[in-house]
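Paired with chain B in one complex and with chain C in the other, chain A is shared by the two complexes that follow.
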Partner chain A sequence: MTATTPARAVRPTTGRTARRRTTWRWLVGAVVVLVGSLVLSVFVGANPVPPADVWAALRGAGSDTAQYVVWGQRLPRTLAGLLVGAGLGVAGALMQAFTRNALAEPGILGVNAGAAAFVAAGIAFFGITSPAGYMWLALLGALLVAVAVYAVGGAADLRATPTRLLVTGVATGAVLAGVTTGITLTHPDTFDRMRGWNAGSLLERDTAVVLPVLPLIVAGLLAALVAARSLNALALGPDLAAAQGVSLVRTRLLVLGAVTLLAGGASAIAGPISFVGLVVPHLVRWGVGTDQRRILAGSLLAGGMLVLLADVLGRIAVLPSEMPVGIVTAFVGAPMLIALARRRRATAL
Partner chain B sequence: MRTPTPRTIRRRLLALTVASATVLAVAACGSDDSDPAGSVGDTRTVEHARGKTAVPDKPTRVVVLEPVQLDTAIALEMTPVGAAVLNEAAGVPKYLGDKAAGITTVGTVQEPNVQKIAALKPDLIIGTESRHSALYDQLTDVAPTVFIASQADPWQDNVRFTATTLGGADSADKLLAGFQQRCADIAKKFGTAGKTAQLIRPRDGVLTLYGPTSFAGSALECVGFTTPERDWENSISVDVSPERVLEAKADHVFVTTVDVNDRSTIPASVTANAAAFPRLHLVDQSFWITGVGTVGGQAVLDDLERILTASS
Partner chain C sequence: MNRPVRRTAGGRRLLLGTDHRHVTVGVREAAVCAAAALVVAALAVVGLWLGDFPLRLDEVLGVLGGRIDGLTRTVVLEWRLPRIAAAVAFGAALGVAGAIFQTITRNPLASPDIIGLANGSFTGMLIALLLLGGGWHLLMLGSLTGGLLAALAIYLLAYRDGLSGFRFIVVGVGVSSMLAATNTWLLLRADLETALFAAAWGAGSLNAATADVVWPAAAIILVLLAVTPLWAAALAQLELGDDVAAASGVAVDRHRAVLVVIAVALVSAVTTVAGPISFVALAAPQIARRLVRAPGLPLAATAGVGALLLLGADLVAQHVIPLTVPVGVVTVTLGGAYLLWLLVHEIRRTRWSTR
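For the complex of A and B:
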């Protein structure tokens, strides 16, 4: 990890411009693919509405079926997929940079486990059944558990290493997962309902689910943007970063705040979606190198892209039904991660 | 940890010996006894999914592992001592009434608990080959066990088989004939011929549409409705994406729920297309989906009669 710094210093200038050019090419390519994914997400689904009808519906004309499929299903769902993917991608990149650990993913701080435990309790004890209800429960669970983990793990304490925070997060997550299992095993109705939520799905995620989360994800992305420069300095080690005038506490709080908002928001919309937060930053580093600002921008684009494409795949995989996006990302993400892990350079932080 | 003294070691060894002896004794009871129920009365031979088994002529302590068997036993007024249930927290379904409320639950339909079954000292166990196949040998050690082939077979066949095993074949025929007659009465009273009906169960964000061979789907056909045509893929139900919600359109659409008074349990895709579903009815899934049998069937017909009276 530390070897990257001297290597870059020795690299000739021409190499650096070449690198920068590849980065730009990569980012432009990612934007193009993302736009393609957005188009696919609006035009492809379990109901084979002809593209001409979809286009008509987008302009306010067309049949009732096309109108409903486009405005009632695909557009809200596309927005949901974009937010979830961008949130998970950026949260994953932040976690990996902050912990300087290639295996870190957004759920490691217990955020997903907190969301799941609150959803399970809400279903079992308060009879909540609507996706919007799950969204508020998940959000509350994610935020409360994150704050608890940060307090116990010493997030604002400079003597505490990120490892202490991670151990606290993993332990809290394990306890909460146990609570969730306990609730679902003793309440089979809850088990039935949780099965849908646990898979991670964009089905029935209408504007009532997506819009309340939108500002949180935007705030998380802004915090990530502010933290990006400091993260570059932090990659050199805490001492060097401090010497460059980076406030470690401020960076840490920004990163943790961003991860909580992004991962918590994504969980609140879709439930736990595996692999996106883990694999996207790897994919992006392979393309754009080690600058955190580029990694974060790339993760934003690639995360949205991956979730949207996985969702489109899930819509047509088991016609006339649908496969939840979380199952598709697991299928697609795992081989992707293995392939990337086999290229050494790709996984270097 | 403290080093155990010779005395504690002796005590532990003694406990271990007693425990092993108990296990051996229990095992011996299970294998030696050729007539485990110890019934002295007459027996009949029942042919079933696992071969032929001698069962007591008048069983008194019956354990059932499948909802349709529980429903049938209650219908025949032969209340079982134990039953496997779909949901252990909810226990025996409420639609079965007070008589069923005292039945001991013996685990879930998916995973019955053999120890709990044995503790009830049954003289007959009825289960399902497609679900409980692996438990057959353990169950026969407890009591004579007969299996229906599959819960997916036509429910009337499973009612008849269960009744025959319990020694109430004639009563079952009467119950089934009564069900058919009531269907015909409802069809006549409400003029359902030529109208369509569709049952939807919202599940994990998709919509499960039930076909004519399902329990409630067949009840809808029985009262004269037609199920809208589609490819049922040789199954009792087909899952469809909410994008295809309009394929569920019918003259009467029934949506299952755990709380018929909570309109928020109607899936968003149906609510968003309210105009396409003018006659939409929330129905209780505890008997519409899982109340397989004549008691559940009558409850479905009660519901249908009430709903059709209200909407006509």
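For the complex of A and C:
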């Protein structure tokens, strides 16, 4: 691995306190920005509703239009953005910590490819075209394919390294992507719908789409929380981690379970947004250092933030149409990533 | 030369020359290369034989032996041979480029795609198609320019006191994803028919592999593949990590720069003619490594596997599948399935190294 962890000298207690204070500053700042994004996401949209009307609708008053826009569209969409962003951020952080590979993103285990293949087949052969229908297809595809990848990749077999899982995921993903492309290129109508789904969008994600996925993402976050402590030990390599008393099998199953639920859930809601899971952990790592618990917490906040802000931007960037959130996240996040990578001391994994 | 065969960590190696001056060739790698060459040759003959214009096998062999002229010769040498040659040369080029990228970044997930070549050339092609409304040659020019500009941008952005592998990957991911987002957006805005055409090109296709473009591209690839072995030793050292490589006397930055340029040139030559054929670059080195059972990525065997993969996929795409599907789609499916098969069988045999 390229893991050239920067040699941080052991600092006296004062320095450590200072660092802890910086981390707190980061976290508080992130929470403030996240709340700000939530507010923006409820108040801003292509459908021009004055802020006073939105506020009235939130308190249960106001016109029917405002009520519908706020409760039927913006609030579910905001929740969707939060779930997708937080889920992908945490799943990405878990994947990178677990595989110790900077290029690992949650979709690489075949989750996104499975979701896409099922959605494409559903559109082409069963005529399913509603966002809720896509959600169920994507969820089913993501979970089934992830389980298949784990079975082939030897997820519970300690002799198999995470790299084997990665290569298995990539190979499975390739096969499914080939199938998906084959289906879409031979069914123009499916192609038309899939190019929208593939971009990753939060358009028309109402409660019928969001609520069934909510418990899965919450369960995934809980599993991530339980696994977080072992990840620091795992960063030293499996042998040292085992020597420190970490149960490798338990950690691996927890991490994979969490990644599957989070990435599968996110993909079910919004379609494949690979960029968030890949980049958010890198951005966060450069802010808070290499402690996996901080990286996970930071990725949760930063992921939600990035997706919500990108979604708000996408709603108003190209009026009267809308730019899918998957595209905006790349345009917003990539420059940040490049700028941070160019710093003198870029933090590797 | 009393011990012509030596056992090393990488398996048995044949020692050619004296004890003091020699080259060693891995026995298993040589066998894999020979087998790949044989199968490629056989598939090439099949490819020249099959097609809309019916030919007998002995006619094909007659043309190859220079005994038959006329229309048959035109069909075999001018219609079919360019596409076969393209599949072989492009497959080898993609495989070697992939092996170079995976070795210098020391990451099995690294492929020319991540440094923006595929996405960049697709962006260039989409701009040529949608904004300039061009024919084949304009599309090729757009694709070449887009890919090279993307690679150049990544190189410049990632360069800082040398080229660290990690920074290179991360910057590549960033630029790549922006280009991919641009492509998605352009495809979304295009009308359905244009978007379908563009997506088929974006999947990688050999339909445009005609003589006038294939031979120049193949010549460039041949020259590049011929000079690559000069850096094979440096590549093997780079695989050990920058520090070890530098300590063992390799000018890390210079060699890495040269190798990146070779890989970028290889991929550009392919992408210009055939579009971004994904996955050969990613899968061929990994498949070759498992076949050879080598600790590193074997370049020659990778070239053989890459050629075999792309030629086989193109034959399947042309003759087996009833629909017209781009070769890229078949490559991805076949290559992925084969890699999976190897993986399933591998765990029973060996303990895994970390690569």
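Definition applied: the second predicted complex is superposed on the first by the 335 of 349 C-alpha atoms of A that agree within 3 Å, B and C clash if a C-alpha of one lies under 4 Å from a C-alpha of the other, contacts with A are read in each partner's own complex, and residues count from 1 in each chain.
Going forward, a contact is a pair of C-beta atoms (placed from the backbone, for glycine too) under 8 Å apart; a residue touches a chain by one contact, two chains touch by 3 or more.
Not measured: the values here are computed from a predicted model.
In the superposition on chain A, A:Ala242 contacts neither chain B nor chain C. Judged by the touch definition given at the top, the superposed model places A:Ala317 against neither chain B nor chain C.
Once the two complexes are overlaid on the shared chain, A:Val167 sits against chain C while remaining clear of chain B.
In the superposed pair of complexes, A:Val33 makes contact with neither chain B nor chain C.
Applying the stated contact rule after C-alpha superposition, one finds that A:Thr186 touches each of chain B and chain C. By the touch criterion defined above, A:Leu337 lies against chain C but remains apart from chain B after alignment on the C-alpha atoms of chain A. In the superposed model, A:Gly196 lies in contact with both chain B and chain C.
Within the superposed three-chain model, A:Val175 lies in touch with chain C and out of touch with chain B [touch as defined at top].
Looking at the superposition, the partner that touches the larger set of chain A residues, chain B or chain C, turns out to be C. In the superposition on chain A, contact is made by A:Gly72 with chain B only, not with chain C. The intersection of chain A residues touching chain B with those touching chain C, taken from the two complexes, comprises 186, 188, 192, 195-196, 199, 324.
Those residues of chain C whose C-beta lies close enough to touch chain A in the complex are 105-110, 114, 157-158, 160, 164-167, 169-171, 173-175, 177-178, 180-181, 184-185, 187-188, 192, 195-196, 199-200, 203, 278-279, 282-283, 286, 323, 325-326, 328-333, 335-337, 339-340, 343-344, 347, 351-355. Listed in rising order, the residues of chain A touching chain C in the complex are 1-2, 4, 101-104, 108, 152-154, 157, 159-161, 163-164, 166-168, 170-175, 177-179, 181-182, 184-186, 188, 191-192, 195-196, 198-199, 274-275, 278-279, 282, 323-324, 326-331, 333-335, 337-338, 341-342, 344, 346, 348.
Considering their complex, residues 45-47, 64-65, 68-69, 72-74, 127, 129-131, 186-189, 192, 195-196, 199, 201, 203-204, 206, 315, 318-322, 324 of chain A touch chain B. Considering their complex, residues 86-90, 108, 203-206, 238-247, 258-259, 262, 264-265, 267-269, 272-273, 276 of chain B touch chain A.
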